[in-house]
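Before anything else, here's the structure in question.
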Amino acid sequence: MNEIGKEIYSFADRIYPIGRSITGEGVRETLRLINEELSASGCPELTINEVPSGTEVFDWTVPREWKIRSGYIENEAHERIVDLAVNPLHIMGYSIPVDRWVDLEELKDYIYVQEDMPDAIPYVTSYYRERFGFCMSADQRDSLPAGKYHMYIDSELFEGSLTYGELVLKGKSDKEIFFSTYVCHPHMANNESSGPALSTFLIKYVNSLTDRKYTYRFIFIPETIGSITYLSKNLAHMKSHMFAGYNLSCVGDDNDYSIVESRYARTEADRTLSNILEKSVKYTRYDYLKRGSDERQYNAPGVDLPVVGFSRTLFGEYPEYHTSKDDMSYVSPEGFAGSYDIMTQVIDLHEHNGRYRIKVLCEPQLGKRNLYPTVSKKGSYDAIESLTNFIAYADGTNDLIDISNRIGVPVSELIEIKDKLSAHGLLENAYEQ
Amino acid sequence: MNEIGKEIYSFADRIYPIGRSITGEGVRETLRLINEELSASGCPELTINEVPSGTEVFDWTVPREWKIRSGYIENEAHERIVDLAVNPLHIMGYSIPVDRWVDLEELKDYIYVQEDMPDAIPYVTSYYRERFGFCMSADQRDSLPAGKYHMYIDSELFEGSLTYGELVLKGKSDKEIFFSTYVCHPHMANNESSGPALSTFLIKYVNSLTDRKYTYRFIFIPETIGSITYLSKNLAHMKSHMFAGYNLSCVGDDNDYSIVESRYARTEADRTLSNILEKSVKYTRYDYLKRGSDERQYNAPGVDLPVVGFSRTLFGEYPEYHTSKDDMSYVSPEGFAGSYDIMTQVIDLHEHNGRYRIKVLCEPQLGKRNLYPTVSKKGSYDAIESLTNFIAYADGTNDLIDISNRIGVPVSELIEIKDKLSAHGLLENAYEQ
Amino acid sequence: MNEIGKEIYSFADRIYPIGRSITGEGVRETLRLINEELSASGCPELTINEVPSGTEVFDWTVPREWKIRSGYIENEAHERIVDLAVNPLHIMGYSIPVDRWVDLEELKDYIYVQEDMPDAIPYVTSYYRERFGFCMSADQRDSLPAGKYHMYIDSELFEGSLTYGELVLKGKSDKEIFFSTYVCHPHMANNESSGPALSTFLIKYVNSLTDRKYTYRFIFIPETIGSITYLSKNLAHMKSHMFAGYNLSCVGDDNDYSIVESRYARTEADRTLSNILEKSVKYTRYDYLKRGSDERQYNAPGVDLPVVGFSRTLFGEYPEYHTSKDDMSYVSPEGFAGSYDIMTQVIDLHEHNGRYRIKVLCEPQLGKRNLYPTVSKKGSYDAIESLTNFIAYADGTNDLIDISNRIGVPVSELIEIKDKLSAHGLLENAYEQ
């Protein structure tokens, strides 16, 4: 497990430095590295899709593509006090070009800082109104001497496209398990190099399940406009095929886990992830009112997909969020390993789940199958409590989640029991999902 | 708001001194003053109905009408120690005539006091068995010297009628909002000059809503026999038209608010008043087991109307209840103003309620409509939280109450949001009630 | 009540010493004594059924019958250190024959003790694998000197039968109330001479209800294999006729009461016994996960009968359980009397239950029927609160249990109210069960 954590961490570190935005070369480079990683493991690669600027996507329009070649502020001595090349966060996302000398006072109109964390550079964007801006630490801003400053951004907004990657791994059923993560945040670790890195390794895991029941759909998109774009092209298919979906974000730190519930907290994804978290780890259950990532689109009225959010510490709930402090020291191999463990448990549960029914009336005679102690004395019953309780509720109306919740036993243990009873011919699946 | 409180208080003070009972001139005089008040405001007047004594009303019979001309006890010195003319409470309601000298001991058989509040005159009646009686403070009774006393009541029980007033204000829909209050309690303020006074001013408010959706029905009746009589004449219409109803009683003091739930606490009136109280003020939720006023009849098996009770301090829960201490100092303009505010909020909610549905798939782009901050940075989302949460649940299955309860925002704020989104063409009402 | 407690205790004491097992003469002797007791009270007797060894009963097979003539361990001095004749618990149930001298070390391989209660003989069986064994106190075992010991058991496993008793007392309806208890535990008092003793006296009670509504079925069986056998012969009838069922075990001590809920805790038996316990006594509600007696079979998937368990202290929850300390001093006349009171209340509730509906609209006029105080003053309403609350919920959708739970009044009081209102012609039963 530690090994897998290290691998995911290491891959996250590769995509971490890239200057991503909702469109442009940063996204493409990230998707290229993911495909390199998948290919090296013998996995199929993501399909890369380009959606032209100007495409109408529901209430929105795919924006012009943003290209940035250079961006900095220099002082009178021509020293660059902030520079895109040093940290992409220094330039407000989607900044339009500027090339102008101003004095300190005017410069400050274009500087964004995070006052409550004075040594961090904040992450700021302005996608839908033309602006430019620079981000720096409040400390730096406050130490700037009076004088002239050169604001320089060599960027371009042009009719290009929005880029995303997707991969479908077919299973026996055309019902789909869906994973979504986003590739638009520049140069931050937990939010968001961690989601794409984890998703990449979940693809490898699913690919290793050669006899899988479900079809799995993974997408790597820019947040908000990307999920809206994806939905505008795929909504009908998704509504008719999606069995459960997970939005992965902030999955690399090693604090407690989080689920962001779906709109009414009653989808298969809610049931599944809640059960795994409840029986495995410490976690916080966030109401849909605390949503913040693409679960907002997947759960929107009329979209109504069964998608929950999965995180370690939730976005917005850790001080480093959306600042330069969200770096590779904030995430860890252990953090990734834990998230990977939870999500592979989720996958396993989907694969093994069913509404099992015991095939005999009354309790089966476990003794003759060596499943029960043959001497009956005080306490002899305890040892097989999970087994007999499983049987007591294996009436064809409960799936493994129901039984786990009812009898208080993790599904991983129930899967073993289910397999053992099936091997003895005592169990049937009353409902093949 | 204070102004309206003063007006209601002042009108309550006009009807306060009247010696009302379940039948007779007190009721008629009260209804006459209400019509005078309505007429002065350009409102339509109540229709006055007279139901003859002896009329069968479900399991009951309209009783004979009670007329009282005079009533007192005098001592040997011919001093009147209690007198109807001083306080109508001194004579037990529905007392039959008496004209008899007795000694102190026998007199006491006919005296009712309230032992636990020795300086108050209690309110006592005997509608359905022929009796006479006198009410006074325990202090007064205990200070009476031995001697002869003259019990004198000049009253009459005769084949007259039971009187009530009603007013229907038509709206676009024939679905009705119902208000009931009672006009049978003599010379007490909160219970019950306050209910008729508030109802009178709610008529003025509804009359001012010229474009109103609902039809409103107001009735002013004697308690119990009046509501039973009214139901016996109107039940079929009420069952097919009533959308929500409110019984108003004890609405003039300025303590916390109360709701008396309906029989199963699941009517539209329960939902509506509960939401307004929950989001506005401190209040107590009383189970239907604590019912005590005409909600008993409206909720009876087979009647099954969606009626809740609304009060400040509930009847029976304040020591002054049903005594001479329930006078105009127990109620206040602030108390009336608060009750008026709650009930006009209730009316507004009924008028604006609907199951709204957002007309676009995925989140609408609020930015292009200037409904969203254009710079995205930490915290920029918070400012429009109520708006986006409203949209998240505007899926055509939730009405404003559901959304208010779900997202924790008062309906008054939601009505503004609903109007703003409608103005942008983003909202439709999925269910015109 | 004390009288009945003494009678039940006394009868339990008669069957207490018998060396019962799941088959054999102990069961037959117990059933013979029960029939003697029933017959002496003019009750019909149990039918005795014999099911041949080898009969397939669902997943099980009726075992060979066990007969034991003699069993002991003797030391070199030919002193019997344990002896069946002294206490049947000394011989492991279903022991096969043995006649062998061994030294102390080997002897210990065949000795069962209860380490945590060193002065008690444990109750141990091995029904389904051929073994022999001896039970004694840990103290005794630890004091045995080295030397040779003679293990001697003269027993026999042969093609005989499994024995049980049943009695059906017909009522007006063919819907059945079911009582099950077991007669396979040797020489212990609470578990299990108490269940058969209580059941015997419940038969007498039901027999005394000459105008009874329900049919009552009582069975006296060996645990597990007996209920499985009984179900295999009667399942279709039981599924179509059983209205509520009760498994009686450990009902003679005078500690708090227990209910073991059915599989989903939503049967008529759950509702009925829960209500009686809740309103009468201190009790513990045990989830079906704490099941342990024949409710395991009655509630098994596909069997699905509405059966709960009733006990004082639950099996396994008292230290004396399944040891020689569970003797007649552990149970008491008071304990039996309490259990009898609860179960006869359960029977009474079944007999009187219905969904009653008040036959008038609005509140009935109680005054004219002398059911209501005629002077109305503060507090006069309280005295008849149960009556008016009953009426408020007598709408034809609630049975006595619903009303009791809703208004917080014991059903015994509601039965009186129901009878009084019925006598006044005010009530009808909307649903004849």
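A, B and C label the chains in the order they appear, each numbered from 1.
Going forward, a contact is a pair of C-beta atoms (placed from the backbone, for glycine too) under 8 Å apart; a residue touches a chain by one contact, two chains touch by 3 or more.
Note that the coordinates shown come from a computational prediction; the quantities given were computed from them, not determined experimentally.
Chemist: Looking at chain A with chain B, do both copies bring the same residues to the contact (over half shared) or different ones?
Modeler: Here the answer is different, because the shared fraction of interface numbers falls below one half.
Chemist: Fitting on CA atoms only, what is the rotation between the copies chain B and chain C? Please report it in degrees, nearest 5.
Modeler: 120
Chemist: Need the CA-centroid distance for the pair chain A / chain B, whole Å please.
Modeler: 55
Chemist: Indicate the residues of chain B shared as contacts by at least two other chains.
Modeler: In chain B, no residue touches two or more other chains.
Chemist: In their shared complex, at which residues does chain A touch chain B?
Modeler: Checking each residue of chain A against chain B gives 58-60, 112, 114, 122-129, 131, 133, 224, 227-228, 231-232, 235, 263, 288-289, 291-292, 296-297, 299-304, 316, 321-322.
Chemist: Help me check something: in the complex, which residues belonging to chain A touch chain C?
Modeler: 357-358, 360-365, 367-368, 374-378, 381, 389, 391-396, 407-408
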